[in-house]
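Note that the chains take the letters A, B, C and D in the order they are written out, and that residue 1 is the start of every chain.
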Amino acid sequence: MNTYSPEIEVAIARVRSDVAKLHGELVRYGLVIWTGGNVSGRVPGADLFVIKPSGVDYDDLAPANMILCDLDGKVIPGTPGAERSPSSDTAAHAYVYRHMPEVGGVVHTHSTYAVAWAARAEPIPCVITAMADEFGGEVPIGPFSIIGDDSIGRGIVETLTGHRSRAVLMQNHGPFTIGKDARDAVKAAVMVEDVARTVHISRQLGEPKPMPTEAIDALFDRYQNVYGQAPQGAL
Amino acid sequence: MNTYSPEIEVAIARVRSDVAKLHGELVRYGLVIWTGGNVSGRVPGADLFVIKPSGVDYDDLAPANMILCDLDGKVIPGTPGAERSPSSDTAAHAYVYRHMPEVGGVVHTHSTYAVAWAARAEPIPCVITAMADEFGGEVPIGPFSIIGDDSIGRGIVETLTGHRSRAVLMQNHGPFTIGKDARDAVKAAVMVEDVARTVHISRQLGEPKPMPTEAIDALFDRYQNVYGQAPQGAL
Amino acid sequence: MNTYSPEIEVAIARVRSDVAKLHGELVRYGLVIWTGGNVSGRVPGADLFVIKPSGVDYDDLAPANMILCDLDGKVIPGTPGAERSPSSDTAAHAYVYRHMPEVGGVVHTHSTYAVAWAARAEPIPCVITAMADEFGGEVPIGPFSIIGDDSIGRGIVETLTGHRSRAVLMQNHGPFTIGKDARDAVKAAVMVEDVARTVHISRQLGEPKPMPTEAIDALFDRYQNVYGQAPQGAL
Amino acid sequence: MNTYSPEIEVAIARVRSDVAKLHGELVRYGLVIWTGGNVSGRVPGADLFVIKPSGVDYDDLAPANMILCDLDGKVIPGTPGAERSPSSDTAAHAYVYRHMPEVGGVVHTHSTYAVAWAARAEPIPCVITAMADEFGGEVPIGPFSIIGDDSIGRGIVETLTGHRSRAVLMQNHGPFTIGKDARDAVKAAVMVEDVARTVHISRQLGEPKPMPTEAIDALFDRYQNVYGQAPQGAL
C-alpha cells in the first residue's frame, strides 16, 4: 500500500471529485450511452492519474469508485476503487500522460457526429468561427488502431503533437481529446461533437465558405489568450 | 391458480422488478414513444417469462402490472397483472424463448434509425469499432412478416441463430434484440439504435472506410470476454 | 352568462383538465416551442369545446385558463379564462367540430419533420408497420390556406373526410390531427411526427421497400380493433 | 461610482433579473453549449444595458453577476458583477443599442442549424407559414467579420436596418437576433433555429413549394398586430 504526502492526498481527492463529476457533463451533452466513454485527470505534482472504472453505470459513478493509476496505467493497490478494473481505455490515457507532460486531462467518447467523420477518415474542415476559436484549424484524423497495445495512445500522441487541435478522431473509432486539466478536455469533447455536427449539417446542402487563414489564426490567438475571466494559456 | 416454489416466486419477483425498471431505459434513450416498445425477461429455472402489458403508459409501469406468461405466451391466471392483456408482441417473445434456450431477455422498439434501415431492408455494415465490440459484424435484416401468427418470432430466430448479432431489423418494422437477460437485451436495443444512427450519418457524406475482418473478430472476442467488471460470456 | 346542467359542468371540468394536461405531452415529445401549438377537446353532450389561450407560456397552462367556446369558436362569456383570447387557430378547430361530429379532439403543431413534408406538399408514404397501424396508409397533404377565414378548417375536413388517416399536413404550414377525444388527437400528433421523421431518414439513403396493400389493411384493422386494454373503435 | 434615480435602479434590477433568467431559455431549447451564447437587455430610460459575464457556466448565472454597461460597452464600475469581464460579444451588442434605438434586447448563439446556413452564407428562404409570421420573409446573411472591432455590430445593423427579420446569420459565425426587449430577442433566437432546422430538413429531400408574396405579407401583418393577448407592435 502506497502512502502519499498530505499535499498529494489533497490533490488526489480533488481530481477524484472532478473526474467523477465531469462524467455527468458527458451525459448532459449526450456524448455517451450506457457505460461508454471515459474521463481521466492527472494528479498535479505526482506521476498518477484518476480514471473511471470499466463497465459501471454513469448513475453509480462517485469519487470513491474512481480508480487511481500510475503512468503505466497500473492500478495503485489499496486505494479506493482499486478492487475494480479501470476503463478499458486506460492504456491509451496512460500513454498520453507519459508522452505529453503538458496534458492534465484526457477524454474519450463515441459521440455520434465525431464518429461519423472518423468512420470516413475525414478531418473536419475549419469553416466556423467557434471552431477557429477552440481548435485553431481542422480537427485531424488519427490512424486505425485497435485496443490491446500502445497503438491507440501512440496514434493520439503522434497526431496531436505540434497540432493546435486538442481533439483527434481515431479512424473508425471516435474522438479522444486532451486539455490542461480534465475539465478542459471535457470541454474539447463537447466542442468537437458540436463542430462535427454543425459542419456535417452545413455540408449536407452545399459547400461551406472557407475562412481566410489569417482570420483563423487571429480568432485562435484571441480565444486562447483573452476569453473568459482569466487568461487561459494555450495548451 | 398456479403455485410455485419459494425459489421460483423469488425469481419471478426479481424479473418483474427488472423488467418494469428496464422500460425506463427505453424512455431515457429515446427509443420509444407513447405506449410503443416492450421488454421481457425469462424467469430463471421456470418455463415462464414476464412482459409489459399492452397499451399502458410508460409512467404507469410497475412490477405489479407486469404480466407473467408461459412459453406459449399464455397469461398465467390469478397472478398480478393477469387481468390485463400482455404486449401485442407477446407471441414473438414467446417463440424466441421456446426456440433459443440461451436467451433470457427480448426487447422490441420502433427506434428511429434502426427502423429507417429496416424500411430499406438494408443491413447495417460494421464500420465502427463500437459495433464490432457489441455485434461482431453487420446487423442483419429479418423477413417481412406481420403480427398475427408465429411468423415474426420465426423470422427473429431464423435470422439470429448462429449469428453474432444480438439485434435483427425486421423489414419495414423495426429492431428486436436478445440477450442473456432483460438488461443485456435492453443494452443491445440501445446500442443498435446508436450504431444505426452513427453509420447512417457517416454515410450521408460519403462511404465509411471498411474495417479488416481480423480487427472485427479481435474486437468482438475481447469485448465479450474481457470488458467490464467480470467476464460476460458471449451469448 | 351561461348556466349548464350539473352533468355538463362536470364534463366541462374534465375536458379543461385533460386539455390543460395534454399540452404537456406536446412539450414532452418536442412537438412545440415557445407558445406555438394547441390542443382542444369537445365537451361530450354539449355544443362546446375547450381550447388553449393564445400566446401563453406552456408552463403557465392550467385548467382555469383554458377557454370554453361554442362550435362557432366564440368564447363563452363569464366562464374561467374568458378574459383572454383563445388560440389563433380556434376557427379551424371549430370548423372541424361543426362538420365532423365523430371528432372529440383536435391538435395542431409545427413539429419539425411533419412541417418538412408539408413544405414540399408531399404525402408521407406508408412504408413502416407502425404507420399502417396508426394511419392505415399515407398521411395526406391539405391545401395551402392562410389564417383569417374558414379555409384552414375546410381544408382539414375535406382532406380527412372518408380518409383513414387522423393526420393531415396542411401545405407550407404543418400537421392538424383529429381523434375521438383530445388524448387520441395528441397521440396522432405524436405519431405523425414520429413517422414523418423515420420515413424521412429512411429515404435519405435510398428508397424504402413498399408494403403490400393487404398487409397495410390487416395491420390497420387489427390495431384499431384489438390493440390495448379495450377495443378502440376506429374513428 | 454611479448613482441612478430610484426609477432607474428599479429598471436595472428588473433587466438584471430578466436577462439572467432568459439565459435558461437558451439552454432549454438547446441553442447553447458550455459557456457560449449571450443575452442582453437595454435598461428603459437610461443609456445602459445588462449582459452576461464571459466564460461563466449557465448554472451559475444570477441577477447579481449580470454586468451593467454603458452604450459604448464599458462596464459601469462599482455595480454588482463589475469585477468580471462582460461577454466577449459586448462590443457588438453595444453597437446595436447605439444605432438602433428601437431595439431593447440582443441575443447571440451558435445554434446548430442557423450556423449551418451561415457557414454556406445562404439566407433561409421563407417557405413555411411560421416563418412568415415571425420574420416576414427570408432570414438574411450578414458579412464575414471577426471579433475585435466594430465590424460585427456594423454588419448586424447594416443587414437588419429596414429589414423585417429580427435575425441575421453572420457568415461563418452564427445568428444574432434583436427584439423590443430581451425576451423578444430570445424568442427570435429560438424561432430562427427552428425555421433553420425545418427548412433544412425539408430541402434534404426536394424543393419546398414557394409561398405567394401576398400570403407572406398578410401573415406577417396579422401576427405582428393581432396574435397573443395584447397587440405587439412590429419592431
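Note that in this section a contact is a pair of C-beta atoms (placed from the backbone, for glycine too) under 8 Å apart; a residue touches a chain by one contact, two chains touch by 3 or more.
Treat the numbers as computed from the prediction; the structure is a model and nothing was measured.
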Same or different residue numbers at the chain A/chain D copy interface, by half rule: different
Intercentroid distance (Cα basis), chain D paired with chain B, Å: 46
Whole-Å gap between the CA centroids of chain A and chain B: 32
Residues of chain A whose C-beta touches two or more other chains: 204
Chain contact graph, described as a line, ring, star, complete graph or other shape: ring
Of all residues in chain C, those that touch chain B in their complex: 29, 127-130, 187, 190-191, 194, 197-199, 201-202, 204-209, 211, 215, 218-219, 222, 226-229
Chain A partner contacts - residues on chain D that touch it in the complex: 33-36, 53-56, 84-85, 88, 110, 112-113, 115-122, 144, 146-148, 171-174, 200, 203-204
